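For clarity, chains are labelled A, B, C and D in written order, and residue numbers in each chain start from 1.
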Amino acid sequence: MNDVIGKRRWAIAEGYIPEESHGPEPEMTSHETACILNANDEDATVQIRVYFADREPAGPYTVTVPAHRTKHVRFNDLDDPEPVPRATEYASVIESDLPIVVQHTRLDSRQAENALMTTLAYSTD
Amino acid sequence: MNDVIGKRRWAIAEGYIPEESHGPEPEMTSHETACILNANDEDATVQIRVYFADREPAGPYTVTVPAHRTKHVRFNDLDDPEPVPRATEYASVIESDLPIVVQHTRLDSRQAENALMTTLAYSTD
Amino acid sequence: MNDVIGKRRWAIAEGYIPEESHGPEPEMTSHETACILNANDEDATVQIRVYFADREPAGPYTVTVPAHRTKHVRFNDLDDPEPVPRATEYASVIESDLPIVVQHTRLDSRQAENALMTTLAYSTD
Amino acid sequence: MNDVIGKRRWAIAEGYIPEESHGPEPEMTSHETACILNANDEDATVQIRVYFADREPAGPYTVTVPAHRTKHVRFNDLDDPEPVPRATEYASVIESDLPIVVQHTRLDSRQAENALMTTLAYSTD
């Protein structure tokens, strides 16, 4: 059995942060998340690039995920080098110096009742 | 690390465009989407074939995804060579001349509150 | 590029048919579906086995998916050799004599507004 | 065709048990589940480790999945060596002595209408 859990490159082809929300913040704010697991014994340095329909990609956004930790990165919160625009279709590529696992989740609270979706991201090495 | 992100052939076994919608168009129109990421340095030419329960497949529908761009293709909008029928079960096969990543999403707004689902498509080479 | 799309063995670890429904039948009946795509030039014979928490597996249920067709199999409709019980946790293994693609979807209409979820099934050869 | 269905190591990068619920218990209690299928002829011993954002991992939680059975493990119910905290982001790694299949599902009933999401977990050997 291999000790390493995950891959170094991941892609999420779906991306969209709804502009409106209902319900208490931040829990019920419409958001999109890349959930990252780093099961390694060392911290992982993760770089996220965001792709759009009609302009050059944004980023990289750099995130550190400590050893034996998970970080649920909200695209809403990324702002360096620039915020991710709302109500805009995007996609993302996530690269790490250590193997990680990435899962994509959206909570959409534009209407009174929230909707959820999730999927494992696409991985490669 | 490999420079290529994705595969050349993808399949989505689930497909269904709800006939009714609630809420403002086009954002809240019931729709089904193949989100495509082309992280290559060249444009990708993508061909989509749609399979049905009781007739020959439709297509191919040809879509260009420019270099370093994502395109969220709504099956609702495909109309050449023919529109995709509503309220009809289908599946799709997506082939590209360059490696791409494909994720499948449906927004169902038949009822007052929208429902969402998403999954990575099946990939092969 | 390989001409074959899919694998011969698939597993869906999640399974649950809600007992109640709201809305017009059969569209809005709570249901669970294995969406199967057969992109081959010949018909595929598919066998489904259903696993439970506390009894021996049921089946096999035999389904034919014609060449170049998709079939969205509702677990609700399987009744030979026995119906799939409602409000009961199950899982399934799907085997085919030809490569196929399988995606799992549930529509839950127990409450007034329907919820949806979907995922690619687990594949192997 | 290989007789073994599944892999020995799985990871779920997303994890969150909503603190509130609407509707009848336990069916409509907000919950998060790891659905495990053991299609082997022998019982599988499964160990779950839970990772957090800001503390050391919890577990292992040990679960037996009998031969030819499925077990839908609610993270809500894990309590030995400690309960999984509510309203807290986590991730999990699931290891088995035999090949299994793992699918992740959340039912969120914080609001009046429930939302659902599911995905195949990430697998490796």
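Everything that follows uses one rule, which is that a contact is a pair of C-beta atoms (placed from the backbone, for glycine too) under 8 Å apart; a residue touches a chain by one contact, two chains touch by 3 or more.
It should be emphasised that the depicted structure is a prediction, and the values quoted were computed from it without experimental measurement.
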Equivalent-chain rotation between subunit C and subunit B, CA atoms, steps of 5 degrees: 90
Copy pair subunit A, subunit B: interface residue numbering same or different (half cut): different
Inter-centroid spacing, subunit D versus subunit C (mean Cα positions, whole Å): 21
Computed distance of Cα centres, subunit D from subunit B, in Å: 30
Contacts with 2+ other chains: residues of subunit D: 112-113, 115-120
Residues of subunit D defined as touching subunit A within the complex: 8-9, 11-16, 51-54, 56-57, 87, 89-91, 93, 104, 106, 108, 110-113, 115-122, 124-125
Subunit C partner contacts - residues on subunit D that touch it in the complex: 1-2, 4-6, 23, 27-28, 33, 35-37, 39, 68-72, 101-103, 105, 112-120, 123
